[in-house]
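Shared between the two complexes below is subunit A, which has subunit B as its partner in the first and subunit C in the second.
Up next is the complex of A and B:
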């Protein structure tokens, strides 16, 4: 397993933060058992065994001794904390950010958004994180960034941070009331609602133009 | 925040592993959206900021600036890994265990078992772990252990590991196919279905008779 030198404590990911996806799911949200859209950010963890690096080949998922039929990938802006951050307001939130990077979330396709999809999300090495943390002082406003992802050189998504349901500052504030964020903790603030399907051997590259890129390859079973 | 010297990488908890609870929930399982009981173990993480120690006072939860009305607690046998453990059989599973300890899971009462209850589970310092890891060689069979929990000296639960839906060996095997377990990773194998309600200032003590104990206090807001 590859160790990643950037993430120290936890990698918190925000689900359902693509505004167009959130809109498209209204009908589903209104079904049982919730009968309404989530009012709080929906979070999941990518644990220690998932953390990987720029350039890494990501192990293809095995399911019951067989290579998984399909995997999907999404990319997110990664917010890396520089200071301990507990119960902060939106206004002060960005001052706790040490810098920004990119994270890829390789996973099994999601069957439902109800139950914590630990099996699909916790695959070994499935969360590569960029080799560089761009200092927060070099990014005037994270809301102006756009994450573009290509599979084998074809653009599969363009995700402006400004198209997210919740802003970076709002997420930091809300999450900091749920759990303290420590230096080296990372929040992946949002992925495209449509994760890109990938095949074994595919090259996955994401970039924030002029800021950072992240390149990985889907392994072969 | 207290650092815990035992847990290194991840603390994986198993939900719904109390056989009597699982039985009692059949009607609920059969409702939408699942319409059947879970066929795989239901897992959740207690992240880095939750790890705490023997003797610690556990911060009382705050919710929207107010002290939470109620908290609950449960105790579990903690399986501490001694060796990297990836895709192992039930038969060989216990040979990867370095030792055993106890973990308390302080949380907000669960409103639903559907959505990952990150807010209720990820409270700072809410997962104290025993100060001692009893070497695996000193425990002939973890299935024979019973975890007893007292609140202010009154027994609130007695949970024999043998009353769990899935055995320690089965859980290690199943989880090791989902994610690699590394030395210093911990699995909390199962909590009583009825978590004990607690008030500010309550003393919570759990023990496996003759093996290990864990003592904490619920803090005051």
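Up next is the complex of A and C:
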């Protein structure tokens, strides 16, 4: 696996932040095991063994010596911190951003959000991040960006950041009250609710038009 | 051998430096730590204890991993380990402050045996697992129960707050501990014994966890596995002093302060 030079300390991902997914799951949220809708951002870590790079081949998941039947991928705008960010307001949140990139989250299919998904989300090399960090000064408003993902050249999702339940600034503020963010920490702010299924050998490419792109290949077992 | 890291706050050229030290048997009587570089002795009164793991990797923690604790929380003991991850921002050293968030009802300590990974490995068998352990330490895995929601439970808001994983005081080499299958685990709050268990009640033991986790992902030096806590949880308040101790490993002391006192100008 290749460690990513951009992420230094923490890669925090936000689940269930796609407004259309959140709306579609309302009935399910009220059933067991959730019993009520989340009132706070749903966060998970991608730990350091997952950090990888542009162009990397992502290891195919194995289970009990067998290749996993299926994997999925989602792409998110990646917010890279430029300075220490501790307990900041929404209004000042974006001033702590050093720049923006893209992150791919390869995983096993998301069957439940009840328990931390170590088996699904912590696979080696499963979080590639773009090799370019676009300076925050070049992005007037991250809410105007759209992340487009293709698998083998076919578009599988378009995720406007404006379609997120919580904005980039709101997430930074909320998360900064839970954990102090350091330069080189990254937040993946939101993924399309329907993650794209992939097969061994698939090419996964995401882009924010004219700004950033990220290309990876799903490995073979 | 016991390995610790400290920030030197005394006078002289070492002032402001982070130092690797060993804690010898003489420490108990002299209060002096030994510099790894040259054997120089320094006084505990001139240092701030840091997290003993210089380059922390992934921090795994176990939920409901003691049979008695699972019963205490009215859960069936799990059939598969309940593993969650903690951020490096949670780590703090021995004799340091941690904070109680404002306007909450229940924050509790969790005294846990921590196995520290010393060697990289994937698909490690149970039989080989102990070869990958460098040593052990103690952590206090604080939780804010008010913030539990049924999404990736226990979530980062409960478990990954700044400073809420005191760890240490040191890492002790595996060979100096030997068998870890029946070590007494205690917590004292303001001198009163509140938690008294044994690692014999652990459901998924260290070799099992190394095998289980390394099937999912590569384990690396500096990764830590906090193995869960026995029953006896109690709410904490600012001003409380809590000591988590594991037989043969060490006693980790922590002071609770208010959110305002902890964050100061950032409050």
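Note that in this section the second predicted complex is superposed on the first by the 219 of 221 C-alpha atoms of A that agree within 3 Å, B and C clash if a C-alpha of one lies under 4 Å from a C-alpha of the other, contacts with A are read in each partner's own complex, and residues count from 1 in each chain.
Everything below uses one rule, namely that a residue touches a chain if its C-beta (ideal position, glycine included) is under 8 Å from a C-beta of that chain, and two chains touch if they have at least 3 such contacts.
All figures in this text were calculated on a predicted structure; none of them were measured in a lab.
K.L.:
Looking at A:154, would you say it contacts subunit B, subunit C, both, or neither? Reply first, second, both or neither.
P.N.:
neither
K.L.:
State whether A:118 touches subunit B only (first), subunit C only (second), both chains, or neither.
P.N.:
In the superposed model, A:118 contacts both subunit B and subunit C.
K.L.:
Would you check which partner chain A:137 touches, where first means subunit B only, second means subunit C only, and both and neither mean what they say?
P.N.:
Neither: A:137 stays clear of subunit B and subunit C.
K.L.:
Looking at A:16, would you say it contacts subunit B, subunit C, both, or neither? Reply first, second, both or neither.
P.N.:
The second partner, subunit C, only.
K.L.:
Quick check on the superposed pair: does A:180 touch subunit B, subunit C, both, or neither? Answer first, second, both or neither.
P.N.:
In the superposed model, A:180 contacts both subunit B and subunit C.
K.L.:
Have a look at where A:39 lands relative to subunit B and subunit C in the superposition and call it first, second, both or neither.
P.N.:
Second partner only, subunit C.
K.L.:
For A:47, decide between first (touching subunit B), second (touching subunit C), both and neither.
P.N.:
Touch partners of A:47: subunit B and subunit C.
K.L.:
Is A:31 contacted by the first partner subunit B, the second partner subunit C, both or neither?
P.N.:
first
K.L.:
Identify the overlap between the subunit B-contacting and the subunit C-contacting residues of subunit A.
P.N.:
1, 9-10, 12, 33-34, 38, 40, 42-45, 47-50, 62, 86-87, 114-116, 118-119, 122-124, 178-180, 182
K.L.:
Going by the contact rule set out above, which residues of subunit A touch subunit C in the complex?
P.N.:
Of all residues in subunit A, those touching subunit C are 1, 9-10, 12, 15-16, 33-36, 38-40, 42-45, 47-50, 62, 86-87, 113-119, 122-124, 178-180, 182.
K.L.:
Show which residues of subunit B lie in contact with subunit A when the two form their complex.
P.N.:
Per the stated touch rule, the residues are 1, 9-10, 12, 31-34, 38, 40, 42-45, 47-50, 62, 86-87, 112, 114-116, 118-119, 122-124, 177-182, 185.
K.L.:
So in the complex, which bits of subunit C are touching subunit A?
P.N.:
Where subunit C meets subunit A, its residues are 57-58, 60, 82-85, 87-90, 122, 147, 149-157, 160-162, 213, 215-218, 220, 263, 266-267.
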